[in-house]
């Protein structure tokens, strides 16, 4: 299991006294980038190939709150990867607890020069890395 | 139809050259607050009653991008309101265009002293306002 | 006097119950862009000429706080403009009050292809606009 | 020397391709909180005593840019501490480089129940910790 660790910052809280819900979206991005680094497909390498991977869909379920100084652990799972689409799932817990406080899903495509591209043909070596990662970190293991 | 207008700011773009996807989440909050003002149930009045309304769920579909200096119009619709739960839907267009570039849904509950509260019993006059708004700005009119 | 109006958003507050101090920096950017629009030198036009204008220095004095739902008015003044350097000053008040709650100064240069450029030679018509604006909105009129 | 390490996140870049300048302000906060943890005066402990420490002044000098995936090291120094006022200075470098890309200074006071308080009398043990830290991490050692 891949886990990204993150402390909640003061600037991420709001006047309800909790982490503002928009920050969880940023944290999924941070966890995703760390995951891509970890499996060997850093996002900056994709960018160097002229490929970007925008978010096309996003879902978040907020079950419990977090706040400043909480230490969070974000597990990242691959729900789907076929070279053209990448769907990831995330489970956020506080360090030392098994309770999932937030779950999320992000869906991504890949674009090159503004057009959809398949990593399988554009960057086969990155495709191979992501395909292996998709098996190893499959979402059904959540 | 209620429409919240918003210009995309430079600090909301990322190095892909587009509005970062986390900002759309902030914009739904801004549109929601403006909607509550407009229908006569300002959020700050709820807070003064000791009531908060956290986001419990969030979904965004990113269809087209936006970037700095774009003028956006965010329509707000009520999908569900029963005193205990409020679900809103949002459609984002660029000013002067009919094309919806992003849709979103947020789900909310109401809490008082940390416990779920029904606006119907806690603040009946706010409940009446929101019930009327839910009819007038129903999501099936999207 | 040029004034940019802005409501404080919920997502801009922190758990101290006030607007997080980093947002004032974003607000100076918003006010600066609105000022450039107003005087006839929109930032996006500079970008189209391949020119960017990064912030090289920043100072903020926080005298009073603001919070969610406050309506702010940000006055923008030109402290210095010589084609190569642009220094702006800002005074933030709450609508309906004369009291300045925050002052700020930002300093900018202009870059083209990574090198410092003088607007006087790069884009003389923009230079003329900014020169006139610098006189009309001079900081000594604060 | 105390150093806070931080990777630049994608959501912190703007369409100039660099870290947006407002993020450096957030990073000084993160570094400050980490510094307070490190010297034994965690900010959350101050909050538990009913004390807050708002930023009253801020200065940033942007010398070089940073962008996504850069690893930054933020050194924190105490410029002044007298129980009532705390001024900190920051020097930001990229990991592996001696070049300072950004310097910053933040100035803070301490408030309890809305009034200025002296940590020396309010929380003498925290005062002692900060006094010692002020000596050990004095800014003249920059």
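By written order: A, B, C and D. Residues from 1 in each chain.
To be clear about the criterion, contacts are C-beta pairs under 8 Å (C-beta built on N, C-alpha and C of every residue); 3 or more make two chains touch, one makes a residue touch a chain.
Here the structure is a predicted model, which means the values were calculated and not measured.
Remark: among chain pairs B-C and C-D, C-D carries the greater number of C-beta contacts. Rounded to a whole number, the gap between the C-alpha centres of subunit A and subunit C is 35 angstrom.
A separation of 25 Å divides the Cα centre of subunit C from that of subunit D. Mean C-alpha position of subunit B lies 29 Å from that of subunit C.
For subunit D, the set of residues touching two or more other chains reads 10-11, 16, 18, 22, 26, 29, 68.
Taken as a contact graph, the chains are fully connected, with every chain touching every other chain.
By the touch criterion given at the top, residues 16, 18, 21-23, 25-26, 29, 52, 54-63, 65 of subunit B touch subunit A in their complex. Remark: subunit D residues 9-11, 26, 29-30, 33, 42-44, 68-69 touch subunit A in the complex.
Those residues of subunit A that touch subunit C in the complex are listed here as 10-11, 13-18, 20, 22, 67-68.
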